[in-house]
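What follows are several structures.
Same chain, two partners: chain A is paired with chain B first, then with chain C.
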Partner chain A sequence: MNSSKAALQVDLAKSRGGLDQSRLVVAWLMLLPLLLGLLIFAIYPSIYVLGLSFTKSTLGQPFKAYLGLRNYHWLAFGGDDIFVPSLLRAAIFSICVSLVELGLGLWLAVLLASMQRLSRLVRSILLLPLMTPPVLVGTAWKLLLAPGGGLVNGKLLSLGIVDAPISFLGTQPWALLSLMVADAWQWTPFVAILAYAALRQVPDDVVEAALLDGANATAIFWKIQLPMTAPLLLAIFMLRLIMAFKTFDLLYILTFGGPGASTDMAGFAVWRTALRNFDVGTAAAETVLFAAFVSLALLPLLWLHRRVERIAS
Partner chain B sequence: MTILKLADDGRPGKQDDVRRRKAASPEAGSRRIAGPLITKRLLSWLGIVLYGGFFLLPIAFLISLTFKTRDEVLLGQFFTSKPVLENWWKAFEFINLAGFIGHSVVIASLSALLTVALATPATYAVARLQHGEFVGSLVLSSYIAPPVVALLPLFFLMRCLGLLNSFSGMILVDGLMNLPVAYWLLRGFLKKVPAALDEAAWVDGAGFFKTFLLITLPLLVPGLFATGLISLILAYNEFLFASLFAQDDRVRGLTVAISLFQGDRFVNFGQMAVASIAGIVPVYLIALVFQNRLIGGLTVGGVK
Partner chain C sequence: MSDLDPKLTVSGLNRRTLLAASASMVGGGMLQLSPLLRSGAFAGQQLNLTIIQPHAVAGEVLKKLFQDQAGVTLNFTVIPYDQVHAQATLDVQSGANHFDVHDYWYASIGALVDDKVVVDVTDWIERDKAQIHPEDFIPSIYDAYTRVNSRRWGLPYDGDSHVLFYNTEILKRHGLEAPATWDAYYQAVKTITEKEKGGGIYGTALLGFKVPVIIVSSYANRLAGFGGRFLKDGRPDLLSEESIAAAEELVRVAPYALPTPSETAFDQALPAFLSGKVAFLEFWTDLGVRAQDPQNSKIVNLWDVSQLPVGGKNKTPVAALDAGFGWAISSGSNKKELAWEFVRWASSGEVGLKLLTTYNSGIDPTRSSTLNAPEYKSFAPKVQRAAAAAFGSALVWPTVAQTPKLLDSLTEQLALILAGQSKPKQALEAVQRAWERELV
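This part shows the complex of A and B:
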């Protein structure tokens, strides 16, 4: 009796083991396509770029000669005075636009939450900037800001605010500001949609209880909604920061790094080194520094996010 | 605090209960904040109008430009006294605008299919079969890395394989590019499909792969669709890779074509505006027809 029971259990365990094994096999088969994709698109490029960065390379002839750390040395201490400033500028730009977009987007989300009938229409409008190809966002703002024929200069002139058209994209600080405005135009709606969803996660009974206790809308926002959505808002901020670091198209169309190199940002600087100056080795070293810089910049935020999440929960 | 009626993102349960309760006694919350509410209302209306104006202005200005002659453009005003249509037929005649938009649409749609096909099984493996946890951080770090990292290595790889200036090359690049985003979104959607269904199927003896195909996948269709749409739009909007990998007129897409007209060939603002508007139309159509799915998709990945 007893022995047959034991045999049954062994049988069960065996079949369970077989199940676990087939589960493992199927899981890996299902992971394989994604892993292959990431191998081609993420892992191979990282290794390749790292290798390139130690060499003298051109587009026609990669890995021409081994240079050791000389590309890095040149960028950090040598004659190059474009890349490191462009790295810092990318950081400042990203932090500024992400903060502005978080503020404006959150405010818009609160406005949306107070509108009943209009919110659907407004949300349709909100999707439009978000969906517009960045190249066309650049084109639209370029036309708006053009010295001759642009709407902004046209209005400023006809209202008598300025005597001569302002070259928004050709002079500083206008050029950098214009980039920020165009970026905010495109991405504030994105933040607003996400922030709106975050606000809706605050349970209604909490808000209603506060209302019954006599709290007004402002108090509810600062004392209830904001603290309760803080982890999500921080996540949205980080997402925007990551995206802003990648800004390329807008810059390419609106200022092309100009005037001079005063709106150069790291991604664009890499592109120019590789595809205008054809110095692929240096461009690879710039890429490595850029990627390292972005990761380092995000570390404190990740830490903060974890802390806030722990406090909130 | 008003409770919103939102058709799309179907938060079940408590929200609906509260909404119904509110509907039954509408005066409960609203009377006590009626007084200062009027100025508040006005202020929030003003805010909404300002926002709406700001977000519509560039597009509206582009549209108004398409109806202006070269001379009238220079006045820098919004309205025109005598609108003309010649920019429209000239822009389509002088450049292969329809062709460029067509290329973009073909590349974007097929690459979106590729993205979803590659990402979906992996999402299932991690979330339901509980293997390959590391994929999450791999996906995250490849999303954080700036796309220029991949630019040069992919250029050399594609040159080796003869994929430069080809539709298959662009479909492959755009398809792989969106894998991280798609993985994230699909994970969010998969969380909404009850896991108990799979476990029941396994207990009944269905294989893991069969369960995925016959039980989970049909329930995941809305998520697949939203993810596909977002991937499609991202691929349609892509510029950096396209500018290097698709330089031939036979495969060139809209964003690269527009970028080339910036300086020389297309100084005519009116025609540039036509090209821009025509290029935006496909994505705006998608945005207007599928807006609930898009918003659902954006929020499922970003927030949940």
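This part shows the complex of A and C:
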């Protein structure tokens, strides 16, 4: 009896083992497309770029010669005085615009959430800057800010605020500020829509209970909505920060990195090295440094995000 | 070198090609068609070419002529002038090999050769020299545009050089004449801006936008005027007295230029000059044709042109070869023989003259015969005079393999100078260091 029971158990274990194995195979098969996708679109390009960064490569002749760390040394400690400042400039720009856009976007989201009517229409209108091609956004702002015939200078002159046109895109600090304004115009609606979605996550009954307790709108925002949506808002901030680090199109159209190097940022510098100087090896090293720099900049935010999430939960 | 296709000979004629040939013979003048093209051997075929935006009109003219006369369709892809190199390289490197012929900026020829993107045409030139007449190309242009490592890689077709355009009405108001020196130019610009700035009129539009072909052209004009050189015996020469003086001259005039030089590119400078808002503009010779076109210009018959001023110890005007284009055959082309026939035809004197006398073609002379042709003289008399005088002596931009990087570092530092973020000498020291790293 006992021996037959034991045999049955062994059989069961065997069949379970077989089942587990076949389930494992199926699981791997199902994962295969994702793994292949990652391999082709993420891992291979990353390894390729990393490989290029150790070589002398041009657009026409990649991997011409092995240079070891010379590209990195040139960028960080050698004669190049453009890339490292462009990284710092990108950081200043990204942090500033992300903060401004989060503040403005959140304010718009609160207004949207409090609207009884026309909320849907306003949301659709808000999406317009997002749907405008960046090149057109740049061109529109270039025309608006032009020293001769530009709308902004025209208004400032007619109102007597200035007696000569301001060169918004050709002088410091106006050029960087103008870029920030154009970027905020384009991306604040995006943040507003996401923040609005975050605000909608706050349960209505919590807000209603606070209202019954006599809390006003300001108190509800600071004591209920903001704490409850903080992890999401922080995630939105991080998303915008990463996007802002990579700003290229506005820069290309509006200032081309000028005046001088005042608005020259890392993404633009990488493009210039790769596609204007055709020095693909150095551009690859810049890309690796850029990715490392952005990752480092995000570390404290990720830590903060985890902490806020824990507190909020 | 020559890889002639034996199939493409006159004996390979068929009815269609004969018809095409006879049709083309009947049609207007056969502009420099080779016997092979005239035979209709290529009729019905197509060529894919890149062409820069300012040459779009020229492309249309070439397309029509070549279709009518050789029965070959030219498919032009119009791209920005600063992206020809990248497009050409990626086309070959990716293996797409879509393009047969490229409209290349002469300064990029060394890099294109180094990247193995264009083919050596030395032997073809030698073979066809009786039809090409290489001796007719303006000497300062021919070598600069085509010669790398003692071989030739293309043929010139747009000989760009800056000259000094000025508004005669504005100068007359102030009792001024065309300046012969950069100092006289500065004084004239200063006078005009100080007196007419309130009315929106400035002494000059200084092309200072941070793109090599724009800001480096402005610097090169002064460098040429002071008698300087970019390279001396293959080594950077940016710390010479002339080089520094040229940079200082650029900075000196900037405060009196149309606001703001750092923002001034073609789309700001051209409308300003053509609408009579600025007195001077250093620009390519083809502006003279546009300035006489009532549809584009409010200064018809109110302008003139002179050679670029001189400065320092130099007393002889020198042309700065700012921009300038040639035709080169892509190494990825599988129609090299036809491509060569096109290049030879398109860079010929007769086709050149046709383009020179077409409004807005963006083409300037590359040959002595077209520069001095009566048709060109009567079409653009003022410009012809300035161009003829300018091409005698010329400042050539670097054409080495490292040119893109050289021009980029110079562009960066010139932009810093114009923005007041660096002093001329300090900036040129940085350029010299960067160039030495690349070249020495």
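Note that in this section the second predicted complex is superposed on the first by the 273 of 313 C-alpha atoms of A that agree within 3 Å, B and C clash if a C-alpha of one lies under 4 Å from a C-alpha of the other, contacts with A are read in each partner's own complex, and residues count from 1 in each chain.
In the analysis below, a residue touches a chain if its C-beta (ideal position, glycine included) is under 8 Å from a C-beta of that chain, and two chains touch if they have at least 3 such contacts.
Note that the structure is predicted; figures quoted are calculated from it, not measured.
**Q** Of the partners chain B and chain C, which touch A:148 in the superposed model: first, second, both, neither?
**A** both
**Q** Return first, second, both or neither, reflecting whether A:106 touches chain B, chain C, both chains, or no partner chain.
**A** The answer is neither, since A:106 touches no partner chain.
**Q** I'd like to know which partner A:82 touches here: chain B for first, chain C for second, both or neither.
**A** After superposition on chain A, A:82 lies in contact with chain C alone.
**Q** With both complexes superposed on chain A, which partner does A:228 reach: first (chain B), second (chain C), both or neither?
**A** Neither partner.
**Q** Contact-wise, after the overlay, does A:172 reach chain B, chain C, both or neither (first, second, both, neither)?
**A** A:172: touches chain C, not chain B.
**Q** Please determine whether it is chain B or chain C that touches the greater number of chain A residues.
**A** B
**Q** Of the partners chain B and chain C, which touch A:275 in the superposed model: first, second, both, neither?
**A** A:275 contacts both chain B and chain C.
**Q** Applying the document's definition of touch, where does A:61 land relative to chain B and chain C: first, second, both, or neither?
**A** In the superposition, A:61 contacts chain C only.
**Q** Check whether A:262 is in contact with chain B, with chain C, with both or with neither, and answer first, second, both or neither.
**A** Touch status of A:262: second partner only.
**Q** Figure out whether A:298 sits in contact with chain B (first) or chain C (second), or with both, or with neither.
**A** first
**Q** Which parts of chain A are in contact with chain B and also with chain C?
**A** In chain A, residues 59, 62, 146, 148, 275 are touched by chain B and also by chain C.
**Q** In the complex of these two chains, what residues of chain A are touching chain B?
**A** 22-24, 26-31, 33-38, 40-42, 44-46, 48-49, 52, 59, 62, 107-108, 111-116, 118-120, 122-137, 139-144, 146, 148-151, 153-155, 157-158, 185, 189-190, 193-194, 197-198, 200-201, 203-205, 207-208, 211-212, 214, 216-217, 220, 232, 235-236, 239, 242, 245-246, 248-249, 252-253, 266-267, 270-271, 274-275, 280, 283-284, 287, 290-291, 294-295, 298
**Q** Which residues, counting only chain B, touch chain A once they are in their complex?
**A** 1-7, 9, 11, 14-15, 18, 29, 32-33, 40-41, 44, 47-48, 51-52, 54-59, 61-62, 65, 73-78, 117-119, 121-122, 124-126, 129-132, 135, 138-139, 141-157, 173, 175-177, 179, 183, 207-209, 212, 233, 236-237, 239-240, 244, 254-255, 258-259, 262, 269, 272-273, 276, 279-280, 283-284, 286-288, 291, 294-295, 298-299, 302-303
**Q** Enumerate the contact residues on chain C facing chain A in the complex.
**A** It comes out as residues 82-83, 85-86, 89-90, 92-93, 111, 114-117, 200, 209-211, 258-263, 268, 272, 277, 404-405, 408, 412, 415-416, 418-422, 430, 433-434, 437.
**Q** Quick one: which bits of chain A touch chain C in the complex? Just the residue numbers, please.
**A** 58-62, 79, 81-82, 146-148, 164-165, 167, 169-172, 256-262, 272, 275-279
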